[in-house]
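Read from first to last, the chains carry the letters A, B, C and D; within each, the first residue is number 1.
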Amino acid sequence: MSNLSDCPKEECGVLGISTAGKDAARIGFFGLYALQHRGQEAAGIAVSDGRAIRVHKSQGLVSQVFDNEKLAPLVGSLGIGHTRYSTTGSNSDRNVQPYVVETMHGPMAVAHNGNLVNADQLRSKLLERGAGLQSSSDSEVLALMLAAAEGASWEERLASVMPQWQGAFSLVVLCAGKVIATRDPWGFRPLSMGRLASGGHVVASETGALQTVGCDNIREIDPGEIVVLSGQLARSHQGMKPSSTQARCTFEHIYFSRPDAFWDSMSIHQVRQRLGAELAREHPVEADIVMPVPDSSMPAAIGYAAESRITYTEGFVKNRYIGRTFIEPTDELRRQGVALKFNTLPENLFGKRVVMVDDSIVRGTTAGPLVRLLRDAGAAEVHVRVTCPPIAHPCFFGVDMGTHDELIAHQLGVPEIANHIGADSLGYLSLEQMMVAIGREDGYCNACFTGSYPVPVQLSLMSSKQRFDGVLG
Amino acid sequence: MSNLSDCPKEECGVLGISTAGKDAARIGFFGLYALQHRGQEAAGIAVSDGRAIRVHKSQGLVSQVFDNEKLAPLVGSLGIGHTRYSTTGSNSDRNVQPYVVETMHGPMAVAHNGNLVNADQLRSKLLERGAGLQSSSDSEVLALMLAAAEGASWEERLASVMPQWQGAFSLVVLCAGKVIATRDPWGFRPLSMGRLASGGHVVASETGALQTVGCDNIREIDPGEIVVLSGQLARSHQGMKPSSTQARCTFEHIYFSRPDAFWDSMSIHQVRQRLGAELAREHPVEADIVMPVPDSSMPAAIGYAAESRITYTEGFVKNRYIGRTFIEPTDELRRQGVALKFNTLPENLFGKRVVMVDDSIVRGTTAGPLVRLLRDAGAAEVHVRVTCPPIAHPCFFGVDMGTHDELIAHQLGVPEIANHIGADSLGYLSLEQMMVAIGREDGYCNACFTGSYPVPVQLSLMSSKQRFDGVLG
Amino acid sequence: MSNLSDCPKEECGVLGISTAGKDAARIGFFGLYALQHRGQEAAGIAVSDGRAIRVHKSQGLVSQVFDNEKLAPLVGSLGIGHTRYSTTGSNSDRNVQPYVVETMHGPMAVAHNGNLVNADQLRSKLLERGAGLQSSSDSEVLALMLAAAEGASWEERLASVMPQWQGAFSLVVLCAGKVIATRDPWGFRPLSMGRLASGGHVVASETGALQTVGCDNIREIDPGEIVVLSGQLARSHQGMKPSSTQARCTFEHIYFSRPDAFWDSMSIHQVRQRLGAELAREHPVEADIVMPVPDSSMPAAIGYAAESRITYTEGFVKNRYIGRTFIEPTDELRRQGVALKFNTLPENLFGKRVVMVDDSIVRGTTAGPLVRLLRDAGAAEVHVRVTCPPIAHPCFFGVDMGTHDELIAHQLGVPEIANHIGADSLGYLSLEQMMVAIGREDGYCNACFTGSYPVPVQLSLMSSKQRFDGVLG
Amino acid sequence: MSNLSDCPKEECGVLGISTAGKDAARIGFFGLYALQHRGQEAAGIAVSDGRAIRVHKSQGLVSQVFDNEKLAPLVGSLGIGHTRYSTTGSNSDRNVQPYVVETMHGPMAVAHNGNLVNADQLRSKLLERGAGLQSSSDSEVLALMLAAAEGASWEERLASVMPQWQGAFSLVVLCAGKVIATRDPWGFRPLSMGRLASGGHVVASETGALQTVGCDNIREIDPGEIVVLSGQLARSHQGMKPSSTQARCTFEHIYFSRPDAFWDSMSIHQVRQRLGAELAREHPVEADIVMPVPDSSMPAAIGYAAESRITYTEGFVKNRYIGRTFIEPTDELRRQGVALKFNTLPENLFGKRVVMVDDSIVRGTTAGPLVRLLRDAGAAEVHVRVTCPPIAHPCFFGVDMGTHDELIAHQLGVPEIANHIGADSLGYLSLEQMMVAIGREDGYCNACFTGSYPVPVQLSLMSSKQRFDGVLG
């Protein structure tokens, strides 16, 4: 369902489980279910019973990929899981994670979230060594480098190859007897761990997934930290020193993470309310109602309304049945007003001066039609407020925001964008006030706003989006 | 996904289309997509090209039942559609609508929303006449009675048999050359029509579906009114006098209809905001935040917050990926805290006195766990406010609320329910104030609150839920 | 897989089971598996546990339609089954048998093999009575007439309506407490019964299916006989007097039945060997080898070889993987020699004078390419011998042979056909010698050879193949 | 469908295509369709358009794995294909061929038929080198060794690693610009090539597949020969000297190959007829009829009958619908006589002295029940004749005959086997006369009869069947 869809795409949610019992796969299922928003294209779980690793993975939603029959053979107390966003059209079965290999040290599985900026060089090195690569996924590169690394244990091998990996990776590794988890030294992508009441531990991309599976004692895994889960124990050491440049992804606050997640020890829902409140202070406007673009902008709109003392209500109704449909309104139908995703609430809007709060504008394809819908429903004025600065630069650390050419803020200034989307006024939250709302002065990657990448990005990467997928259809 | 699910189930959404072009099926698809919430078990579309009727229907969500390949053969300018809720477990392929038959007057298809209280007698009469019934659906009864009715046209035949149908029916009929739509004389279930900008008309259970397919000039079809769509024309006459007892379903306001629908000429979203406001007046409480049980209670919580001047925010995050999963947390997992559907936002709740606004309490299986989740997240007090009176009686007019024994308010008084769900206080909106919020003194069916059924219900029906399904598995 | 396919199509295999145990469905599965050649398009089984009737049916091969999960709910000691041939392209789900209805006398299911020549009048009568017909299948007509018939029991109702049914029907009826089976009074289509060693009885279109499920005491059901199976008992009486014109289908001997079947108390395999022997006597030829068109002509070729003392061997290899593929060689590929179904054995053929024995020539589209394949493989001469007379007239009693226009022998004489297919000589077995091989002077329907139909056929039927299917897509 | 199934299992059919046009995939489909009998568990096709390699592969029959939609994206003039037999139960998606990898020399795909006896050592070497293996298939080993091999071209790299591969391999390799095919220097498994009339060449495991796709100029690829197909050209050179021990698989003559194949320049159908004739000379018997166990023993039975002058006819009817069904007769049903695969023809058998010709007896589980079926049908005597010597030793070169313990001739002598299966007499063709029928004195692997393996087999392999599959489920 792509019409009126202008969201950045995150590539993954990851999960690692070590339980006292045998039901790692079942806990994995519920954890992935809570990470579904981080990747709706594919899902997989690999488990170990201490000897063998078994995996089930496939394209589709978590609830489509797994049923009781599929979970039944996945017996074991250790497991890792993955949800994936992938580009459509390509036969990407081979890229679905977790990625499982037999190595000289026994079976191993890998799943990760993020993107290496030096993957091309790493692939080339592997190929030159005589390897055969079966996918275009960074996971395979990580796995094959681990398989060939120096070290007496998987955690030692991990520590020995990590320094070669440039970019974002929140990684989980499953071997016969343990689960290992780590984050890149910059800390781009989130990864947290918690303790299961019934014994054992879980690591997950978002704390909400840990809450879903019943964890307490939840804490973030540090950049460069290596956590080893085995039985009921969790050991930890610093595999690499954290980079002097810390680079958490601001967009986890703005859009990606579910509002029940904590990121940098802060409640996402509260950060978003504060982003709304700062936005109200920085871009106030005389209006009758404040309304969100559902669903992700709700907390920010609540915050804007509370700060501005303007009435909060809803102006859009969103169709909740977001199963993928391949049927789109024809242009003819669209001209006739057929809209698949949003309807308006004219009684709430008629004659009103409206503040429409949106979390971000990426390609600029959604905001215009939404403003028009509000006007068609009788809104007297439409003031668009955005909870982050203009996005003018692509992300190379795991978020598919599109290329420079596709980013509207790379092409147009704010007044032109306001004009383009037909808003009476348009206010982006400034970088400074955004960081005030977040409550930090630095430690974040704001490259998509500033173009200042915390890790050097090769020019070749900046000009080409697709690396390898053409070669192996 | 049934855990923490305590909603009444509606059985259908219906749709009828007469276009100037040939794409009735495509318009039907988008209309059904917007009626998906009225039935997620099955969907179907039948179209006529003026000579033959073609149908595609199947179990599953609208987006699963239809794709371009399935729509392609459904060529025609006339069509009807249906979304269905059905009881699980039974092989109910035969009951999926629209129901298509060849008759002495040519081919015909029927789809309806509602429930006849005298269906058993009507079935018996048909069987005694020598008919063979292939389903347990009222639709077949309606169709076979129409096929055998007196009258020179389908609308005449409809008018001649309607008086025999006791109960709720919003009905669409497709024959070779037209679409006919009607509502029972009590007006239990909604049915509206609108004009397509491109020519032709659409009727639908909810006005939101009409908005989705680009209609204007939207109006309700009157109880007993018969509307005939043919080409670009819509003719109408009163097929039966409206009953002196008008009996609109109050629950369309409370829960069923999407907030973008109009029912009885009122915006559902606005009615729900007023229900919240009335609730705040009738059951005020000292509190720090007002929060909804998402998603249906959001407008009421907004209304409660605005009226009470208590801060509105969110306390639950709901998993949006409501594709049906057959995997439920085991009791063991549930004890460990695994929750599939709702997570809490502790930072918003910790130490707070919370008003949790819910639209209804049916079996009482959800409210208790939700209150507990809020307390576990640190809420200091939890005050539950419900936007309708206690539901103490089953519905026989198309809503599956369960039997007397299953309804908690049939078993327990309000204080006992408050105790049962662990709330610090529990306030149900009174019947009187509910009607004040709706803005009407009568004309509604409130039988589920009062036990006073607007059409006499046989005792047999009241004691047995399942009629026929056992006989034909 | 339609290339090189020139076979008449039979429409059905039927089955009825009454066991001492509870596994009617499982016996039904194995019985249908042995009747698969009588219909590869759809299959179904309905069972009764004495109270309710449950059914599973679907398009596909028996092994695709059923698995353990599908069989599990079909609990009961009574059952009927069906395999179906249907015209491709139409969405014929509605026509898949068994056909199940609720009637005033309780639930009932029907499956049949054959074709009524007065179905149109019977349909019209039903429609005029006010019935609604949901399929274009004769089964529904049979079922609805039974439902409305006079009589104190299903066998009485069957006896009372049977006289109205003109044409071929081998019918099985399932009601709550018994299975009833009958054949039309002309005896067009086969139907036999046997006794299960474990108690109970089975009826089936072919005796081979009875052998497959372990029956002994196998006998044919007589034309007009009604057999009632209930528990371990089988009662029988003559429901109608057999017609003075007996009209067994000769083509069951020639082609349809599996060689392990008995028809008219004769082994099909032996009849086919005798047909080959008579053919050798009537159309002798100097040759080096006799070879069949596999698989159905093997017994006849064995008979021809034995009688003529010419060496029997094989000249074609047939691809056994007859799962339906929708991929056909393109014309380009066909020109290049791509052949999907038959390869030749050049070493057996090179320089040889070949007798190719075929069971029948219908449209004449296969014989020509086969003769060419043999010549390409080096055959010096190709003499085609056919085990029945030229087919010049369509069948209206359950066999889809095509229309007059499609039958090559309606268009061309034998010498022209020989020329058309490129044979050095062509010999059809004469009607007289065919009957000598069968061992009967009369009692058979030879209308496809003679045009003399044993039951009058309406002109309308003769000119139109498709009756109703256009109306209900 | 395993009841009454006692056949050795071959593991693969392979195919390589280089066309003048763009339809390598379509030709591949028809070729695989003709190789279906060499592997019914999975199928796959990889194509190259000169730059990228695209693959589609899946478990299932060729006609299930491919349809027009699946073939459409496989655009290119070069391709390889594979049909596979695999052990059931294991999730063997990863083992389905062709196997595709990216290498330092570009993309490459591999498919093969056969089995390496030193695969374990080769795998260990790869793992020690730091490789990660993703399957338990020899194909991956072959591919990864090729990827890392020395040489300026793929054919040079192939020639450089071939000497390390001990055992049977008929191999096809696809790279961006060519198809390479080779056979092991012992010549265990067949591989032939032919010229397409439309330009280009095809290689295939059996010549019948070449005939199916319209090839002429068909010849066998020599042991150790490397053939390179590119555009319309085929180049060839000897990659390795043929082994002094030539070891063609005798079982291709006896059972595996379709009768339309040529093996060692001989028509399989003719060899089988001669095997039958030799059998008649070596083990004559007074009898009334000779009949095959269908389908593979037909030519041998024809040969036996012609030599012995005993009448040839059929005694069994085999169910042709060999789609896999997972429903087996229960023991109870089997006791009642339910038989899924074979029915008898009692009229042909009653009172007769029968010679039943079978191609081989492996585990001995089929012959006994078949003899019993013939006796139950009234056969006066049953003489079993087998067209090869007793199989007393497992195969390690690509045929799954079972372990020593499973082979009946490893456990029992001929008289005991005769007694075990209930035959009046049992005659196996001697090794000497078998080779006479084949027309060669040596050059064949007869290890399954003699235990004398042409390539040394490790003891570990002889004791364990499963190598690796337990480790990666």
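The criterion applied here is as follows: a contact is a pair of C-beta atoms (placed from the backbone, for glycine too) under 8 Å apart; a residue touches a chain by one contact, two chains touch by 3 or more.
Remember, predicted model here, so these are calculated numbers, not experimental data.
Among the remaining chains, none touches chain B as well as chain C. Computed from the mean C-alpha positions, the centre of chain B lies at a distance of 60 Å from the centre of chain D. Between chain A and chain B, the centres computed from C-alpha atoms are 35 Å apart.
Looking at chain D, no residue sits in touch with two or more other chains.
By the definition given earlier, chain contacts exist for A-B, A-D, B-C, C-D.
Interface of chain D with chain A (complex): residues 51-56, 73, 91, 100-104, 106-108, 124, 127-134, 143-144, 147-149, 468, 470-473. If you check the complex, the residues on chain A that touch chain B are 23, 26-27, 29-30, 33-34, 36-37, 40, 61-64, 66-68, 71, 196-198, 208, 211-215, 258-260, 267, 269-270, 273, 295, 298-299, 302, 305-306, 311-314, 317, 319-327, 329-330, 332-333, 336-340, 343-348.
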